[in-house]
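Look for chain A in each of the two complexes below; its partner is chain B in the first and chain C in the second.
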Partner chain A sequence: MFLNFDFIYDMGVKLLLEKAHVEGIKNYDVYRREGGYRSAEKALKTMSPDTIVEEVKKSGLRGRGGAGFPAGMKWSFIAKPEGVPRHLVCNADESEPGTFKDRYLMEYLPHLLIEGLIVSSFALGSNDTYIYIRGEYAWIVDILEQAITEAKNNGWLGKNILGTGFDCNIHVQRGAGAYICGEETALLESLEGKRGNPRIKPPFPAVKGLWQRPTVVNNVETLCAVVPVINMGGEEYAKIGVGRSTGTKLISACGNINKPGVYEIDMTISVEEFIYSDEYCGGIANGKRLKACIPGGSSVPILPANLLLKTAKGETRYMNYESLADGGFATGSMLGSGGFIVLDEDQCIVRHTLSLTRFYRHESCGQCSPCREGTHWMDRIMRNIEYGKGKMSDIDLLWEVQGNIEGNTICPLGDAAAWPVAAAIRHFRDEFEWHITNPDEAQKRNFGLAHYADPFLNITA
Partner chain B sequence: MVKFNDIQEREFNRLLARYPNDKKKSALLPVLHLAQDSFGGWLSSEVMDYVASLLELKPIEVYEVATFYSMYNLKPVGKYMFEVCQTGPCMIKGSDEIIAYIGVKLGIKPGETTPDGMFTLKTVECLGACGYAPMMQLGKHYKEHLTKEKVDAIIEECRKNAATNN
Partner chain C sequence: MGDLVKVIIDNIEIMVPPGTTILHAARMIGGEVAPPTMCYYSKLEDSGGKCRTCLVEVSKGSEKDPRPMPKLVASCRTGVMDGMEVKNITSERVLKAREGVTEFLLINHPIDCPVCDQAGECYLQDLSYAHGKDKSRFDFQKRVFKKIDLGDKIQLHMTRCIMCYRCVFVADQLTEKREHGVLDRGDASQIATYIEKSLQNDFIGNVIDVCPVGALTDKTYRFKNRVWFTKPVDAHRDCTNPKCCGEVRLWMRGDEVYRVTGRIDEWGEVKDASNGKPGWICNECRFEKKRVSDWVIEGPTNVNRHSVISQGHYVGLQKPQEPLPKVLHGRDPKILLDIHDVSGVNKPNIHLSELKRPAHSTDFEK
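What follows is the complex of A and B.
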């Protein structure tokens, strides 16, 4: 297949980051000169809101915030009661451990987000669009506000944009430190000046969202991806990737790799290529061996090396929604937010899992008891095991507690806290047991590389 | 009595203008940030009551929000707050050693402030800089790829800034 399009690179298609390194791209003039705001021009001048929604549907674009829900379908659900304003809200809360891609987009390509927001606001009929950004990204607020001012000065925001009669303003609101505010209904509560307690659904935000008005919440990357979708057309966009994993995805890679950073992939490359190729992670740092990886942000199941690179059926695993999920929770994981955390042979799974139970205990909003109590309980047991005070029965207790949280809560944070623990026990039980049977030694050294985590050498640990 | 000065007042009005007239409460989080920055880096009950009066809220509506979010300080903090990330990806890259090193260097434990009121050490959860670990937040900015030498230099720089600004 040949695309008559100027986004082709040897190493794969770049739809979002192609211009990230152009000098001065943060500024309007450079961004515009490089072809920026073409999608806004095309959408507002030649398309109706409904045809934009249709294009996004055709593109197969799935939400990039974690859940992977089709964006066009979500847009088509927005209620349109007479005389009630509607809102688009951009989720820039980015707090899932391992995830730092939205920050990259906003820092380096602020106008790409603003352009995506203009097109999307027009499609949804949002005259006041909000970017809810995590409070710690304080300096990025200035970058975004400058981009908004420039866009406004050049006629892309404000009243009667391009003579279409469409008015739109974009406002940036800072959060104040709470992971749960990334959950869309908690985010809306926070935007209303309240504690970030998730709402019970239904009603869904598409019917009653911000100030009880119809609202769409989308991730930063999703809204940026609307720009190439409109520029190239939904059908062309859908040709990139494979199956229901269309387009490109940003992966933020971290941990024990040679080249941590944010990479744009088309979703046809294998996990092995992503980790070992110099184009991406550049292999495991310091010549060590791969032990395990959390491929989609801290909430998704951790996989040992053998199940990461190949599925349980022995097939190559690829960096896309379907392949990473192959095997379900028994032997698979998820693409999630694209937060790719790599652990080498010297890392301790128990210690790493403890850092995550502490995280979720800290971030539970406390509304439902299975999550509030369960996250505390898991954290306490994990701490005992890590610090040499665990009992064998603690492993089963952990398993039971995580099972009692999953599926019994108002929002998915409960599941997100349960899954990492479940997967760590499922795949690394020997390591938990070793901590319990060797409490003193476990304070001094790590368990190391288990034989089942080594896909290449058939050694016994 | 606490009160915004003219510049702060202008910023307050700018924040308020983002929301519909009858949705003033929506400005609460940004106004609390502004108040914290304006009145010594923390939110006393006097400051929270002032914010409540500005936004026509009951004080409890402000307290319950201020206590929910981790970025609002409910007691005084040092002039420079080192907020070091300790979550998994940073831990893999040695955040534990960095936290311990800062603690020894400043003679304080996480959660404490130096007696001269200059530094506070705080451990925090993932700040979205996992690829540039270990890291910490210092005021409005991030300090990334931390090493002991880098920590020394940051402490030195803070001391120098404090001396010239007084």
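What follows is the complex of A and C.
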């Protein structure tokens, strides 16, 4: 018998979404029949909490919520003071523009998340685990509640699970529609019933989190990925992918592509392949040309086509943490949350940047002055430029304002608001200038592709 | 108390107890080495970290881990480590960031100092003199809110607010349990009338003292005087409220008490009282006791000579001898003209300090 390796390569490895389209996989019976809850069985019956943490460390699994912090390391930081309960909190607030992978997981594979939560709760010693879910995902709450009830009825939750003496309950809490409540400490405040202002760190949640108790906050996808890590073992998991980008990553692709959707990749494919192959995005819609892309959710720097497909050194850019970040902020971007937003030649970068400044202005919690005032100011300037009332000096002013925000705020939302503006000016300054020198024309047509897809000339002074 | 740890701030070495914040260590050194603070208030738990004016550069983390901290840190919320080296005014980065923060705080501030009761004791004024640009780069209409009366004694002029959250902490920590008084997000966020209700509480008047700007002002003093025309005098009374320290500052003009506040120290915070109680004062002392006879006067307040308030300063003043009785052989001079009667300034029978409300133009008609 021949093994068709090409086929496996083409399809990529699927660890999370493999069973997403099995009929009835949302229900416990089907999920279990398809091999579900194996990892929970293995973990609770044959492993100790410490060995689970070790496996996760070995797997190299990095947080999928945006920052990419190694999950096993985060787990090993959790403080264990005598007699104080600990908590695991699942961050399902998914509100980063362009990101919709967690939604997909929870809608199609709710039991995968519950299974991941059981294993992780056991590893961390969390008897009460919380899912904080974006308020707008109202219908998913019912799906999760049903999965939790089914898991409980089948002995996977509640008291003395599988006779191990471990008790665990999972509670679902809806947010009220604030992006900032996805920031982990704002999330904890909100979960405690307070206004969702990010906390000033330190102390970090691992020491003082929910109700001042040691807490780990992880993204939905991170916690789902714990299931394959335990099933196949950390070392096997780490063999997938490349370098410090191990395992598989979900990418939610959107914008001007033929096939928007959620894709699971193993982080060895190139950006070009991801955009143009039929397996994934299927190329730019309507036969147009690629102009720019935000590869990791609205907070990461936008890249022009030439820097997206190739790094400044002229090497192929790959869909993983290291390659997307190659070149730093000057010529690179980030994998972030995996919200992959593609812009074709007819998209206006100024208008697009305006919609982001508007978003961050609206979502700033308003607690610290650089973010509260800076996001507002940038939005006002961007509006002027977009609507033909800009001045040349506005571009430099924008640059300064974003620079005064970045790094000076309580939480990373300030940076997230500053970076898109900085990157837009850095790479698309011509287009901003054109808007200012041609205020009337800019109301009627777009700047177009210009030279943004031309081979990148690395000018080093 | 454990051993002291060593920190170096702007090249000045100081030994402090472990757990001290960078800010407090810098305040121990004093002078310009102490970063400006617009939101931190040592007497209010959880305060600080928000305004970002106190950012400093940590150029050496500690003796054990000498790596510098990559970002500037809020000195009011960052603890010192043994061997830490901090740069405040010796760091270009800090000065630039502080200029940026000052600009941010001002872009939505009305800068209506000429009609603001806080002028002369406003920390935003001080900050912008020290760190502001001389020209605004903000070309837009500023955000404006309606004035709100928080009961009959306090006015909230949200347009001037810098969202330091201090008044929220006062409402939380000094009055009946309240979670917060902030509504909405981002540049639309505001201190909201939630605290209107806690006005029932004896201690809500302290929000006026903690407010670094003129967003919360005393209506019984409103528009009656400029602070630099009044003279601060320390005084106390036997207040029956068990939580009130009874030690205050009277702001006087002649024999009239225009305003009563807590005693503010050099960092703009109320001082602990001599009886050990925190320096907060009750509403009765603040709003109802406006006669000299209500108080035991201790003496004039020591005012920093750089403060505009010191222009009416009279500590250590040598009063020249009254020459008239001497030359008139003991007779009193005869008053030929009572300025109060003939001046066009205000009605002789009106004493501004005794009005229970803001002064109004009609009070000045003759």
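In the analysis below, the second predicted complex is superposed on the first by the 443 of 461 C-alpha atoms of A that agree within 3 Å, B and C clash if a C-alpha of one lies under 4 Å from a C-alpha of the other, contacts with A are read in each partner's own complex, and residues count from 1 in each chain.
Going forward, a contact is a pair of C-beta atoms (placed from the backbone, for glycine too) under 8 Å apart; a residue touches a chain by one contact, two chains touch by 3 or more.
Note that the structure is predicted; figures quoted are calculated from it, not measured.
Q: Touch check for A:K194: first (chain B), second (chain C), both, or neither?
A: So A:K194 meets both chain B and chain C here.
Q: Using the touch definition from the top, say if A:G287 reaches chain B (first), chain C (second), both or neither.
A: Neither partner.
Q: On the superposed three-chain arrangement, identify whether chain B or chain C touches more chain A residues.
A: B
Q: Who does A:N404 touch here: chain B (first), chain C (second), both, or neither?
A: The second partner, chain C, only.
Q: So, does A:R361 touch the first partner chain B, the second partner chain C, both, or neither?
A: In the superposition, A:R361 contacts chain C only.
Q: Once the structures are superposed on A, label A:A178 by its partner contacts, choosing first (chain B), second (chain C), both or neither.
A: In the superposition, A:A178 contacts both chain B and chain C.
Q: Have a look at where A:G314 lands relative to chain B and chain C in the superposition and call it first, second, both or neither.
A: neither
Q: Quick one: classify A:P81 as touching chain B (first), chain C (second), both or neither.
A: neither
Q: Intersection of chain A residues contacting chain B with those contacting chain C?
A: After superposing on chain A, chain A residues 178, 194-195, 362-363, 365 contact both chain B and chain C.
Q: Can you list the chain A residues touching chain B in their complex?
A: Per the touch definition, chain A meets chain B at residues 94-100, 102-103, 128, 130, 134-139, 171, 173-179, 190-196, 211, 252-256, 260-262, 294, 298, 339, 341, 343, 347, 351-352, 355-356, 358-359, 362-363, 365.
Q: Flag every residue of chain C that touches chain A in the complex, lowest number first.
A: Touch residues, chain C against chain A: 48-53, 55, 71-72, 74, 77, 96-97, 100-101, 103-105, 107-108, 137-138, 140, 162-163, 165, 179-180, 182, 184-189.
Q: Which chain A residues qualify as touching chain C in the complex?
A: Spelled out, the residues of chain A in touch with chain C are 178, 180, 194-195, 200, 361-370, 372-377, 380, 397, 400, 403-404, 407-410.
Q: Which of the residues in chain B come into contact with chain A in the complex?
A: Touch residues, chain B against chain A: 18, 20, 23, 25-30, 32-33, 55, 61, 64-65, 68-72, 86-89, 91-93, 124-133, 137, 140-141.
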